[in-house]
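Look for chain A in each of the two complexes below; its partner is chain B in the first and chain C in the second.
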Partner chain A sequence: MRDSMVFDRMTLAVAVILAALPVLLPSASLAGEILIFAMAALACNLLLGYGGLLSFGQGLFFGVGSYLSALAMIHGGAGLLSALLIAMAAGAAVATLVGAMSIRRTGIYFVMLTLAFSQMGYFLAYTLSDWTGGDNGLLDVPRPDLTLFGVTLVPLGNPYAFYTFIAVLFFIVFVGAKRLIGSPFGSTLVAIRENENRALAVGYDTRHFKLLAFTLSGMVTALAGALYGMLINFVPLSNIELSMSDNIVIMTIIGGTGSLLGPLLGAGAMVILGEVLSDIWPRWMLLLGVGLILIVMFLRGGLWGGVEALAARFGLQRAAKEERP
Partner chain B sequence: MSGDMLLETSDLMLAYGGFHAVDGVDLCVRAGTIHSVIGPNGAGKTSLFHCLTGGRKPTSGRILFDGRDITAEPPQGRVGLGMARSFQVTSLFQNLSVFENLRLAAQGRDGDRSLVFWRSVTSGKAHREQAEQVMERLGLAARARHAAGDLSHGQQRVLEVGMALCAKPKLLLLDEPTSGMGIDDIPVMTGLIAELGRDHTIMLIEHNMGIVMSISDRVTVMSRGRILVEGTPEMVRADERVRSAYLGEAA
Partner chain C sequence: MLNLYLFQILNGLGLGMIYFLIAVGLTIIFGLLNFVNFAHGAFFMLGAYLCYTLLQLTGAYWVALIAGPLIVAGFAWMVEKVLIRHCYHLPHTFHILITVGIALILQEGSILVWGPIGKSVPIPDMLQGVITFGKFAYPKYRLFLIMFSAVVGFVLWVLLERTRFGALVRAGSENPEMVSLLGADIYRLFSLTFALGVGLAGLAGVLSAPLRGAHPFMGPEVLGLAFVVVVIGGMGSFTGALVGGLIIGLVQSLMSTIWPQGASLMIYAAMAAVIFLRPYGLFGRA
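On to the complex of A and B.
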């Protein structure tokens, strides 16, 4: 079966995009930023696109990853890999907690609970300014070299080296996500999105599935948050703000919910537009609003949906269909 | 209790405030039979069904399934024990294919074992085969790749029953399987139920008594939350009390 292959066309396309990004874009940092947000959007899509769960807790998980990895490096002398692992563990733990409380409710109440947790996280970070730097952000976040048992494998000071590191992690996350979507767990998530009552009736304890989706989503989002801190050597308070949750959700929707490549498109579009337009016009977010409205009204599948529709028109349905499990 | 009773309720009661929707029901479903529960509107059939599937917790009384007390078991837990249900109002995964609907239903019996996220669904060969088999049996194989929502209403009702079948249940609980079906489709459904009855125990809830008489081994008539009459279809048909319960309903 095509689905079970790791190196199918879609995975190959991602590999090509990862290789081309730093060449096509003006800087490797910009390319790295896109991948970091694409990673966060992919994790958001697991909840929103596959599980049908609109979570505004994503910024909280992102921020937790940023702060904890940075603090572990600054105060605990943690290396690169251990800092990332700490971030992932913390993100998974916080997401499990938020998920466990939030999934007790459905619909709008569920969304409001994730929002409330997100706000709590923000004010906690704001209050604990001795640790987080509060409004000023956490400064001088290091970007250690990739070492294993005290041996330096790859120095990451060079922006291209760090981009490559991010790209490798993104690729691993992408292949993992693809695997997950095609698994019994992934198919059950889709079933819950489609009809939770029926999913219960055929034997799934849907709470367990939603909870695992939260745990995994939080883990990957925190990884993205940790990488972001290392990329810009700084953790701004905005990393844990509600607007971070907004941005991640918006990128996911613009890219296309329920698709694996959508998050990459959504993050790419938003980061590049932000970079280009913010130089020309500081109120560029206004245009983003217009774009979001257009996509929600006319392009329900997001940018990836548009690509699929184009591919179908030019007789490439098979390539586009591969995306769907 | 006798050995071949698959499902037994004792003094089952479900009250909404002061109103007793189910009012002391002792029901026994014998293994290997088709057992219909009929009754006029408001007789408590659906409330009884909710208690059996776990959708509602009975106010008092007990439910024994296969010799085990399942009164407090949640709906999803009952599937693993061998109890599967269909819905009165069609409840499918509308945007997923017919095959995927059935495969998900087959996979559901595994419960939390489906939390594996590192293995491909193609490794769940048993679920795929079960889905294929049920699809053949229901005559839906030609529509395997179509979205469930694109099927005709009659076919959706058949798929609804098929999803319950995928769990390989000891007991099939069918809630008005012919509801909303056209007059031409109803014989298809009753024929299917009769055929399934050969190798399954089936309990079905039905409003229209005419439909179930030909296929049931046993019929329970409910009225106002209680069992009015129970017996073979012939006995029930001849019973004066049943006629008067349905009177004014023109059923």
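On to the complex of A and C.
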């Protein structure tokens, strides 16, 4: 039962990556951004890679997390943990609602519904500009210290301290996702992805499972959104735009769906490329478009699929297989 | 007061016909090719920009009106041959990914060509000013928009329902293998249909340009609206796209007098209400 152990090889690899990121990258905030988007991509992957549900509502959950945590801190005087909890609860609630409306349809209709609901959230944020700042974004988002019952445990003003906080949360989410996917719930999701009718026939209430996957995905995505607002001290309207959903889905697919390390790889590749290329050429997204086409044409397993294929070529099939969830 | 509502209803009809043209293209492509075009909004944007450029070059709106959609359709025909054709056998996820890639290239490419700030397109000289019916005055261009797109809609209906091409498209939507076995060149049909559907989006872009201008980031919003229309009307349905488009156009136009900031939001609220009551849309089949 090595798979169910907390400290197997994959988890250890993640721990090493988390420790190495801020050392290898020029800034801790860049490393933090990678982990935040990796968290969002991981949540997207739970739906897409395991449940076969391509959701364009992820940007909505991300934005809800950003806005509600920021508003709770600015207007409600919420501390760090309570702001994050509020974001997670709101993300879970919104995702459950969007999920319940969307999973009544399957296939492409499902995708279109999630996209339309996501746009609805965008226009809601745009309309409620008294609260969200509309086009200007929500300014002066605080980053409170980590306190428990009024006692300051860790001050998070320092970028490296905040990175460590994000990394710890990411690690918890990662281990949680790994256990979840190894659990009967995870296998049922995969069964639904492979053949929903058969899963139904065997007696699973597939609706129930899909909805729960949505709730969990929304919760984690909103957590990522809340952390992002705190990281950049700002909630731009683009946090809830369609392009945010696009980006999260793209990171997930580029990294490789149906694997746990894929999202980290996808988010890392896109955030770093964006950081490097946007300085050189503001229209770097054009290259991203070309990259997407190339991935569809030549690298359908995503980057993680490519890593696995490379490993197989160099005679490491066994190792590559073991890393599979 | 009554005139104001009549004015807004006519505006809504014009807007609705534009949404219809966008959505019917999306629906035709999906019906036959079983392919979701996430670049549909980007092709609409391309149409709007072409309208701007063609007007600059020739000064004649009718040139833009004819050449614009044809250029968009020709471009789509090429894209289908080079890229999209190789993806039909893949799951929807890859259809979406490749068309999102195309949309990004079009969006960023348009910024390279036309700059990051949008372009406004003048209303053609011939169609400037208002036309009056007794006490009621209405802008000529908006009236032209309603009538022209109604004619296009009718021609499209004839094409789909009364011609051999339309029969092939409808038969292919039911069973492409069978159509292919009966001797029709299904791949040619796929290319033509993709070009037709995208060309309609381009036409909608050209038509809306004098009212809304052209902007590099208009694609995603238009794509979202097209999805709303299709979700309300039911996918693969000509009537659904028409009724869905008009409903959305009217809701947006009427709401913009009552609650301007919330007009776009109300479109999505209307969609949520329809979906809640009828999960398969007004004209959709289970």
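Quick notes on this one:
The working rule: the second predicted complex is superposed on the first by the 322 of 325 C-alpha atoms of A that agree within 3 Å, B and C clash if a C-alpha of one lies under 4 Å from a C-alpha of the other, contacts with A are read in each partner's own complex, and residues count from 1 in each chain.
Note that in this section contacts are C-beta pairs under 8 Å (C-beta built on N, C-alpha and C of every residue); 3 or more make two chains touch, one makes a residue touch a chain.
Being a predicted model, the structure only gives us computed values, none of them experimental.
Applying the stated clash criterion after superposition on chain A shows that chain B and chain C can sit side by side.
Contacts of A:M230 after superposition on the shared chain: neither chain B nor chain C is touched. In the superposed pair of complexes, A:N197 makes contact with chain B only, with no contact to chain C.
When the two complexes are overlaid on their common chain A, residue A:R105 makes contact with chain C while staying clear of chain B. Contact with neither chain B nor chain C is seen for A:M270 once the two complexes are overlaid on the shared chain.
Residue contacts after overlaying the shared chain place A:V141 against neither chain B nor chain C.
Of the two partner chains placed around the shared chain by superposition, chain C is the only one that A:M285 touches, whereas chain B remains out of contact.
Once the two complexes are laid over each other on the shared chain, residue contacts for A:P184 go to chain B alone; chain C is not touched. Considering which of chain B and chain C touches more of chain A, the answer is C.
Taking the Cα centre of chain A as vertex, the centres of chain B and chain C in the superposed model span 80°, given to the nearest 10.
Touch criterion met: A:L212 reaches chain B, while chain C stays clear of it. Closest approach of chain B to chain C, taken over C-alpha atoms in the A-based superposition, is 14 Å.
Note for the complex: chain A touches chain C at residues 48, 54, 101, 104-105, 107-109, 111-113, 115-117, 119-120, 123-124, 126-127, 129, 241-243, 246, 249-250, 253, 257, 283, 285-286, 288-293, 295-297, 300.
Within the complex formed with chain B, the residues of chain A that make contact are 1, 3-4, 179-180, 182-188, 190-191, 194-195, 197-206, 208-209, 212, 216, 325.
The part of chain B that touches chain A in the complex is made up of residues 53, 74-77, 79-80, 84-85, 87, 91-96, 100, 103-105, 107-122, 124, 163, 166-167. On chain C, the positions that touch chain A within their shared complex are 30, 36, 83, 86-87, 90, 92-94, 96-98, 100-105, 107-109, 111-112, 220-221, 223-224, 227-228, 230-231, 235, 261-262, 264-265, 267-269, 271-272, 275-276, 279-280.
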